[in-house]
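In the two assemblies presented below, chain A is common to both, partnered first by chain B and then by chain C.
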Partner chain A sequence: MSYYDIDAILTDAEKVPCKFELEVAELGYLDHNPAQPLKAGTSVGLPLWLGELLALASRAPSSSEEDSKSFISLNLPSSLSNEVMSALKADPRAVPLRDQSHNFYGLGTRMLDLFDEREICAILRKTFVTRAADIALHARKAGATEDMGIGGGEEFLRGLEEWERKLFKKAHDGTKGTKEWMEGIKKY
Partner chain B sequence: MALPLPSGLVPTEVAFLCEMEMVTIVPRQRLEPIQLLSGETPALRPPHRAEVPLWLALLLKKQRRANIVAPPWLLVSSLQDLVHQETNVDPEAFSPPPPPPMRSDGRGTARPYGTHPDPDSKPGDLILAPPFLPSCTQEAPSGYLPYHWLEMSETLLAHAADDIPNAPDVRALLRDLQEVRAAKMRGSTRHLDGGGGVLNLRGVGAMELAESRGFVLGVVDGVRKIGASMEASRREEEEERAAAGGADDSDEEMEF
Partner chain C sequence: MYGDLGNKLVQQAKRTQNLAHLPPYQTEIVRAVTREVRDLDKDVADLLEPFQGSFNPASDQATACTLLVNHLSMRRNKRCLLAYHRTRTDRLEELVWKGYDVVDLAGQQVGDGSGNHNGASGTGNNDSGTSSLSPQEEDYVRQYSDLLAAYKGQWTDIDLTGSLEPPRDLFIDVRVLKDAGEIQTEYGAITLTKNSQFYVRQGDVERLIAQGYLQKLS
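Take a look at the complex of A and B:
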């Protein structure tokens, strides 16, 4: 991941649910309650970059017998929730991943770095591989009918998230190059 | 990424490389040898067949000074066998590449496979590997697709269709082959899920590789990224186990 990778930056900005472990004054507006301080135990959606930092950093223990704790505790975002995972387990192709998150796999890999979830990892891998075959088929068809993904292909493209769109473009470019060569072969 | 060039060869580059393949021609006019950097071309004497690079064969064909002999694998019967092989016999794998014309005899030398050793042959005569095999001449084995099969057959059909027996059928069979093999290429990435992360691409042609390179590499890369965290934790576990068990069975550890 490069420093200027726009997808990595957008993945960093995805909201993840975080539970505050301590009471914070003046932050009540995050919970739509500006007059009150933010209570400990409130769940707030924070961007991934902020949530990650706050969850991994530890604050100084307030008393000697208390262990050092982090500011917040991270939870899995809704796009990686159990419902989505069981839907993906049932049929990876039926789920429009873009509705879950624009950077579904990017977010997934970031969360897998933080959580040790073997099952989610296996499901994500199976989903990616199964959907990739479909993407290749659509990329080939879009080249064959010359509509470049407009029409029937657009509906399909709408369900793809960023990694899959890149894959679609690569597969389509390959097919297009071969097709152009085949059409141009008679000319030279 | 400063240059937005695709990785690997693009289809036009593959087709250009294919023009180096040797094909058999039947000359109609005499032609003295031409001095080239790659050596002399053979002298062309009309009824005798000769082997020249594809680019020269196409040039002579366009000037009506030669006819191209279609390689044996480009005949209808061979292509029908191949389609049968791809669809019915082995619907998972690609059809195998041509067998090597030379085979090691186990004593450090190689000799032509299935024939007796020629006493006059010099060590430099041995050709062991593609792309230097004469895979598109009249001696090429029938029923096996060489590395440059798609570009070679498309080029011959475009410029020398009258030299290929039953060209319309050949064209239709080639379309079938191309489609069935493209479907296999798409399906082959499914096996990446089972772990191992290895694709078997034996027998895939150069043009097919150029077409699918971006897609296949994209899938492999994606699977690697998704599995990266699990892989890291697995490595850590292994290291811990190695550190814990290192005292008693250190002999069995492989050192890298």
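Take a look at the complex of A and C:
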């Protein structure tokens, strides 16, 4: 992942639910209420680039008996919630991942760096493998037969998140490239 | 919220990656993002001002948190700005390698989304269109072209930006799409006037085809 990677930057903009652990006077605007101070315990959705480091930065304990805590506590975003996970467990192909998050796997990877959730990790892996086979199949078929048309392909693409779309495009271009090459060598 | 405008830039960059042509430079948003960074920097300075350089994060955690949020927003904006410009300069470098020069690129009209790589410079000499490049980008293209020309100059017998396709015929038929003046070839000078047709050596006119002056007839 590069500093300049556009997809990584967009993944960083995904919102995650955060709970503030202390009252901050100037940050009311984060809760769409600039006039009021942001109270401790307020839950706000913050982009990952902000939430992650706020959660990781440990503030020094103000007194000796208090443990050092972070400014906010981070929660799993709704796209990785139990409902989505059980839906994925039931049938990975039936869930339009794009509706959950445009960078579903990117977000998942980032969150699993912070949370130790072995089950989610396993589900995501299985989801990708199952869906990848499906994507490869569709990518090979799309455009190969005229009757399938573009409409069917677009319908399928709509449910794919960014990484899967890239995979689809690569598989599609690969098939096309092979076909062109095969036709090219026949001539000579 | 802070960082939202930066996000807009990155979305533009994402769009740019999937487009064949370069969309217009987002002067307004870039300016707004830099202004946001300046405002944030001023906020940080104001927040720190009463402490006279002896700020202790442990004793004033709310301020420390605000400072961190401001700092992270600035860093985020910086990353968005850099990524946006880098996406564009990468594309510009690619176009320079393809044989476009600054006149072609700057002359490209904003709505010229034909997506045709070979003929996209058709509006090359048209000055009426607004350039989709910022003045800095035009300068970048100009200097990069100079660098590339100097680099290519080291090997006079190899054209580094030439076509990788081996030519089928030594001579080809071309039609002139717009006046290109007189060119010198091994077989003497040819005056290229619009709509005329010539039978010329491919090597002599390859660049003119790439620039959109000539069209190859098969």
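As a working rule, the second predicted complex is superposed on the first by the 177 of 188 C-alpha atoms of A that agree within 3 Å, B and C clash if a C-alpha of one lies under 4 Å from a C-alpha of the other, contacts with A are read in each partner's own complex, and residues count from 1 in each chain.
FYI, a residue touches a chain if its C-beta (ideal position, glycine included) is under 8 Å from a C-beta of that chain, and two chains touch if they have at least 3 such contacts.
No experiment lies behind these values; they were computed from the predicted model shown.
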item: Superposition-derived comparison: chain B or chain C, residues of chain A touched; value: B
item: Partner chain(s) touched by A:Met85 [first = chain B, second = chain C, both, neither]; value: neither
item: Chain B versus chain C as contact partner of A:Val16, first or second or both or neither; value: neither
item: Touching partner for A:Ala142 - first (chain B), second (chain C), both, neither; value: neither
item: Which of chain B and chain C A:Phe71 touches, first, second, both or neither; value: second
item: Partner chain(s) touched by A:Val24 [first = chain B, second = chain C, both, neither]; value: second
item: Which of chain B and chain C A:Leu107 touches, first, second, both or neither; value: neither
item: Contact footprint of chain C on chain A as seen in their complex; value: 3-7, 9-10, 12-13, 22-27, 29-30, 47, 49-50, 53-54, 57, 59-62, 71
item: Chain A-touching residues of chain C, taken from the complex the two chains share; value: 1, 3, 7, 10-11, 13-14, 17, 47, 57-59, 61-62, 64-66, 68-69, 72-73, 76, 79-80, 82-83, 86-87
item: For the chain A and chain B complex, residues of the former touching the latter; value: 105, 108-109, 112-113, 116, 118, 121, 124-126, 128-130, 132-133, 136-137, 139-140, 163, 166-167, 170-171, 173-175, 177-178, 180-182, 185-186
item: Of chain B, residues touching chain A in the complex; value: 6, 10-12, 15, 154-155, 158-159, 182, 185-187, 189-190, 192-193, 207, 210-215, 217-219, 222-223, 225-230, 233
